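Next come two complexes built around chain A: one with chain B, the other with chain C.
Let's turn to the complex of A and B:
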């Protein structure tokens, strides 16, 4: 099968084109760096099926960021049959800069002039026939968004792929061209493939090339001694880049005729004026973030219920029937937010359907163990997790809108100054905020950061930005805490927990920056794409892409582990079903590790059943949704159930609170522990793939240590404020003294040992 | 000669020279910040840094520290 590779600048519409060609549903965003790994799909409308490879977006083939190296190596080593170079026609010069580099490789190539619809809308024109002639490469006008010109593009690419093409360069008029030419001949003599490309990179003193051709580089070095350019000296890298742009602006740019534009601002400019306004920019960002959480989690939309003291359904004296239950999904003393409404509906559906199933089984006279397995084990566990799917979707929808409109890139712009103070650039904030959705894509996205230390730092803190799967833990446990304290539905506690997570991230970044990951903040040079309204189709693709991941997990790994937990908690070591949970396999395993969690408040101080919290936290490593699923399964085992609490999952937690005697500060510590500890296995695997060799084990250790220390401190501090005991005051004082001494020691050490090799 | 970092909002200039550490310089070049290019100072971030400029028809953001590497001259009318 022929392979065509898509290459082009970030945000030039590559992924949209990829989706159009392959019918795949890859994720498209409106900020640079959405595709960070190559992806494959199949195009079926040509004479034969063609494999399409979507390479990460790059500005250049220099070796400075991992995605540039991925793209470069793919074209050089895997030798695709054709490279389709996507050029954003609204941004011709910078896009053609990459074209002039790909051109130098000996690979068949076609240019897809994308976003032609935008160009025409602006009233601009491009002479693409003349561009094709001057470049010597076929040019096809397309619009990936509208789906025009695609058949023509693929036919042209198919036709071109059967012809060999020798590399060509625009540097022929450049003053060091004869050096390039000499090096090319030398490399050709050594039978190096793509000699022209390698020759130019070698002349540029590219670090990858210098290692590969250590003998030939001497030619360049000798030449340098007799050469001096008044502007660039012997900095050939700069000289070459400059020559490329000069050539482009002289030969290609005039082919675009721009309609005279008045002073009228485009819609994008107008939006930008407000969103990044000097005074309003940061407050708007905070309001947007708050609005997202409010619309997803609030049980009192816009606080209308509290403001107008609306009556509850009970006050209104509505009869209890299914219609009322349905109404209660939308309103009960307050109007619910869209997230909560969807959640309630899903919960109503699952509990109704599950009720039928259990009733059906009972009427069929199923054995008691089967009833227990299906009712308490499987349905109890899955129900808890499934109800959260709609709420996760709502949260993801809002994050997707931020990405698609281009606002996310502005957030980096607005916040860079603040983040720099902590030791990372504003760019690092994009993967961090993505972490609120799911850690895995967020971790993969850290590749767009140019600096290795910054990548490591960011990756390690991503789990602290509590992901969608941790949401059930937050809601349920916070709901129980609020119930104990008699204060609302726990949404404020949930919000505070998010804040704690972010605070832990900031503190650990500062700590790592002054200890293991010292060095200066990496540069911040980034394109700000024009805003555009998100397309409905794009959003849906985006959402489906992320949601299917959750749903798949519910019916595979979570289902399997729920059954396992049920089995372990209902059977004893002699493989017989036991009525007493304290006799179960799970209990003995849990009790074994339980003492370790004493400083966190859910260890030895609890009664005989206290191991349930430890077990739940451990199952969270399989998938974070599992924590609440385990609660669902384990709560059924306690003899006395807690009275019903309106917040999903909170009743199960309350049952366990009553059964174990855990205190509310310990519940908070439990949330924090789950939020900051090792993420789920899938995210751990992603982290392993993204961390440099040898750093992965430290990353794991970092997560364990952080979660343990932070939870222990929270437990101690909150307990202390709840009841001033001597022991808690002493412990807190101890922690403060130790931290102050540590900070002073680190400062002192850093002053004496400045960072070497990092500028 | 005026450094890009000293521009006030709405000012335009032509790049004469780009200096600085090789990595930063290369990155600037790749993004089209090369001698001869016209650069327009669009705005500053709410906290005064980074800045946003229009160059080669698109919006680019960079910090003042990086903009300091860019020397410009006035455009001759």
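Let's turn to the complex of A and C:
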């Protein structure tokens, strides 16, 4: 099968085109660096099926970040049958810079002039026939978004792929062209493929090339001694870049006729005046972030219930029936947020359906063990997790909107000023906020960071940005804490927990930057895409992909581990079913490690059943949803069931609280432990793949140590101050702030006493 | 003068880039080369958003001090 590779600048529409051509649903976002790995699909509408390869965006063939290396290596080493170079027609000059480099390789290529709809909308024109003539490469006008011109593009690419093409360069008029020719002839003599391309990169002193052709580089070095340009000296790389741009602006740029001359401030620029403002930028971002969490978690939308002291359904004396239960999904003394409404509806559906299943089994006269396995084990476990799926979707929807509008790139920019003080560039914000959705793509996205230490730091802190699968732990346990404290719903506690996670991330970045990962923060250079409204279709495709992932996980890995937990908690070591949970296999395993967790508040101070928390935390390594599934399964074994709590999933936790005597500060420590410890297996595997050799074991150790220390400190501190409840929270926040300041002081000391040998 | 101090909304010519080799190369690849024309569209503190060949580039304050324009 023929292989066509899509290459082009970041955010020029490669993935949109890829999705159009192959019918895939790959993730598209409105910020540079969404695609971080190559991806394959098949185009079927040509004479024969063609494999299409989507590559990460690149500005040039001299890579700056690791994901750009992937693109360069693919085009050079895998030798695709044709390179489809996507050129963003709204930014012709910058995009053609890459084109002039790909041209230098001996590979068939076609130019797809994308975003033509935007160009025409502005009333501008491009003479593509003349551009094609001057470049000597076929040019096809397309709009990947609208799906126009794609058939012609593919036919042209198919036709071109069967013709050989020799590399050619725009540098022929350049004053160092004879050096390039000499090096090319030398490389040709050594049978190097793509001699022209390699010769130019070698003259540019490209790091990878110099290593590859260490003997030929001497030619360049000798030449340099007898050469001097008044502007660039012997900086050939700057000279070549300048020559390329000059050629482009002289020969290609005039082919575009603009309706309006000069630069006009666009709507995006005006929006940026506010959104990236020095004073307003960060407060606006915090309000948006809070709004997202409020709309996802709050059981009192905009605090209307509290402000107007709205009556509960019980106060109104509404009869209890299914209609009321349905109404209670939307309103009960307060209007619920969209996230909570969807949660309640899903919960109503699962509990009703599960009720029918158990009733049906009972009427069929199923054996007691089967009732226990299906009722307590499977349904108890899965029900808890399934109910949370809609709420996770709501959170993901908001995160997708942030991505699609182009706001993410701005936040990275406004946070850069602050992040820089902590020791990472604002670019690291993007993988971090992706972490709120799922740690795995977030970890892979650290490839877009230029500096290795910065990648390590960011990767290690990603689990602290609590992922969607940890959301059930947060909500359920925080709900129980709020119930114990009699402090309304748990949404404020949930939000605080998110903040604590971020604070832990910041503190650990600072600590690592001043100890094991010292070095300069890499510069922040980022292209800000124009804002655009998110497309409904795009959002739905994105959400469907994520939802599929969660639901699939529920019915595979979580179902299997729930059955395992049920089995281990109902059978003893002689493989007989036991009525007493404390005889079970799980109990003896749990009790064995339980003492380790005493400083965290859920160890030896609990009664004989106290091991349930340890077991739940350990099952979280399989998948974080499993923590709540384990609670659901184990809640059934406690004699005293807690009264029903309106807050989602909290009833099972309350049963645990009553059954084990755990205190609320220990519950908080339990949340923090789960948030900051080793992520699920899948994320651990992703982390291993993105970590340089030998560093991975330290990353694991870092997670274990951080979670243990932070939860132990939180437990001790909160218990100490627990008598004043409200003050305790403030005091704990105070402790966090004081530590942050202390660490900042250490950093300043480090600055004044630099370690030699560290740049 | 460095970009960080240059007037907003005017065409500026890049004279010199004093960043390290790797960063300089990346800047050149995205269109900031010696002799090229850029414009500062907005600035907060010393960080700048610049118009470079019809695209908006955000640059941090350190870097804004290392690109000299006139």
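One rule holds for everything that comes next: the second predicted complex is superposed on the first by the 712 of 759 C-alpha atoms of A that agree within 3 Å, B and C clash if a C-alpha of one lies under 4 Å from a C-alpha of the other, contacts with A are read in each partner's own complex, and residues count from 1 in each chain.
We take it that a contact is a pair of C-beta atoms (placed from the backbone, for glycine too) under 8 Å apart; a residue touches a chain by one contact, two chains touch by 3 or more.
The model shown is predicted, which means the values in this text are computed figures rather than measured ones.
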Practice problem: Mind checking the superposed model to see whether chain B and chain C fit together on chain A or clash? | Solution: clash
Quiz item: Looking at the overlay, does A:607 come into contact with chain B only (first), chain C only (second), both, or neither?
Solution: neither
Exercise. Check the residue A:60 against both partner chains and state whether it touches chain B (first), chain C (second), both, or neither.
Key: both
Quiz item: If you stack the two complexes on chain A, which partner ends up touching A:122: first (chain B), second (chain C), both, or neither?
Solution: neither
Exercise. Answer with first, second, both or neither: which of chain B and chain C does A:418 touch in the superposed model?
Key: first
Self-check item: Touching partner for A:265 - first (chain B), second (chain C), both, neither
Solution: second
Practice problem: Based on the superposed arrangement, let me know which partner A:282 touches: chain B (first), chain C (second), both, or neither? | Solution: first
Quiz item: In the superposed arrangement, which partner chain does A:91 touch: chain B (first), chain C (second), both, or neither?
Solution: both
Practice problem: Would you please give the residues of chain A that touch chain B in one complex and also touch chain C in the other complex? | Solution: 59-60, 62, 64, 90-94, 97, 231, 237-238, 241-242, 245, 276-278, 281, 413-414, 416-417, 420, 426, 450, 523-530
Quiz item: Which residues, counting only chain C, touch chain A once they are in their complex?
Solution: 17, 19, 22-31, 33-36, 39, 41-42, 44-45, 47, 49, 51-63
Quiz prompt | Contact set on chain B toward chain A in their complex | solution = 17-18, 21-32, 34-37, 43-50, 52, 56-63, 65-66
Exercise. Write out the stretch or stretches of chain A touching chain C in their complex.
Key: 59-60, 62, 64, 90-94, 97, 231-232, 237-238, 241-242, 245, 263, 265, 268-269, 272-273, 276-278, 281, 409, 412-414, 416-417, 420, 425-426, 450, 523-530
Self-check item: Residue numbers on chain A that touch chain B, as the complex places them
Solution: 59-60, 62, 64, 90-94, 97, 231, 235, 237-238, 241-242, 245-246, 249, 276-279, 281-282, 413-414, 416-418, 420, 426, 450, 523-530, 759
